[in-house]
């Protein structure tokens, strides 16, 4: 048996894995970062149960020795909100100990509150 | 508050999103399918909490009019097992109604049984 | 020995392969297509020797039965202009016979003309 | 007008761009590197005009502090051979000055020699 809460957490994970592995490796510079942020947000928001996606590319951190670099977890902070049948999950990704950690931030059962 | 069960479901989702969006678009033919299956399995098994990944590329379904095609959800079945602090999640992906559906199959709390 | 013309053709190919395999699989809908077009253009334009990239996502063609689909060659037309040491290459991608064909369109040696 | 030599250089570039942007970001460890090398080689060899692909993942260089890392140009050396109507192009990718440089190595016109 799986619950709506299980499903909501599962769906939040799918969005993070998709976002990261679809866009990791994209050439990015401080100038092109804003359009990439918007495209990542709007593309992942297409996915089922996805309420909102917020991507912040850390332009100050980008290695621009060659004019641009490839997007990796080191250069972005992400928050995703998923809603599955009234259970809302907020999850985020940020660097922790040199690793782009994806974690559950908050789970709200909107029907029971 | 999040539980180990929540985390396990979240982690299972991450693996599915990662697998799909890392490898979708890879050129594949019946001849190259076996090496791709193995590489997908072994690469995703590197990720944290991932116990096992099983990928079956449906070689009979591949469109080979041009000798090869691009891998999409239409052409693969996947099972992933994640273990987070004793909570084991089995999830799978298969076509359903023309859409590659990822779903939770089973959740087992190994500590309480 | 390789010439500037060889290099320019090689660089044009790199941009096409990069563009296609970076963004194939991205979730896209008629609503999110414009931001994705811009992001693809600006990200690939970061690459060395790349003068301009023009991407047209064929929103009328998108399969939206599930609200969105995954970007593939079937849904986009692309023109890329590369300049390597005065040799300008124009290349394009469009569907031909059910296959997203990338081809050289024009090569101009700007120094000798 | 474009020549077979132009086309061969263009096709070699496509293979490099495709290889890099399809597989950059893949989770890789010293244990899973061999299967990934084989899968990359066999998948890209499916593409038109591609004679052979040789991928060497530099397992000694992999950052394994977290057990695995993500594949980038820093960790691989690649040689690709393309043949377009008798013109053979050998191209390679290796790190140069902190940047994964793709370059034409040799062009042979097999018909005229």
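In this document, chain identifiers A, B, C and D correspond to the written order of the chains, with residue numbering beginning at 1 in each.
One rule holds in what follows: a residue touches a chain if its C-beta (ideal position, glycine included) is under 8 Å from a C-beta of that chain, and two chains touch if they have at least 3 such contacts.
The structure presented is a predicted model; accordingly, all values stated were derived computationally and were not measured.
Looking for a copy of the B-C interface in B-D, A-D or C-D, one arrives at A-D, which has over half of the same contact pairs by residue number. Set side by side, the interfaces A-B and A-C show unequal numbers of C-beta pairs in contact, with more at A-B.
Each chain gets one centre point, the mean of its Cα atoms, and the points for chain A and chain C are 26 Å apart. With centres set at the average Cα position, the gap from chain A to chain B is 19 Å. Residues of chain C found to touch two or more other chains are 18, 20-22, 25, 66. By the touch rule above, chain A contacts chain B in their complex via residues 1-2, 5-7, 9-22, 89, 91, 102, 104, 107. Across the interface of their complex, chain A is touched by residues 20-21, 24-25, 65-66, 70, 72, 98-99 of chain D. Put simply, chain D touches chain B in their complex at residues 18, 22, 25-29, 31-32, 35-36, 38-40, 42-48, 66-68.
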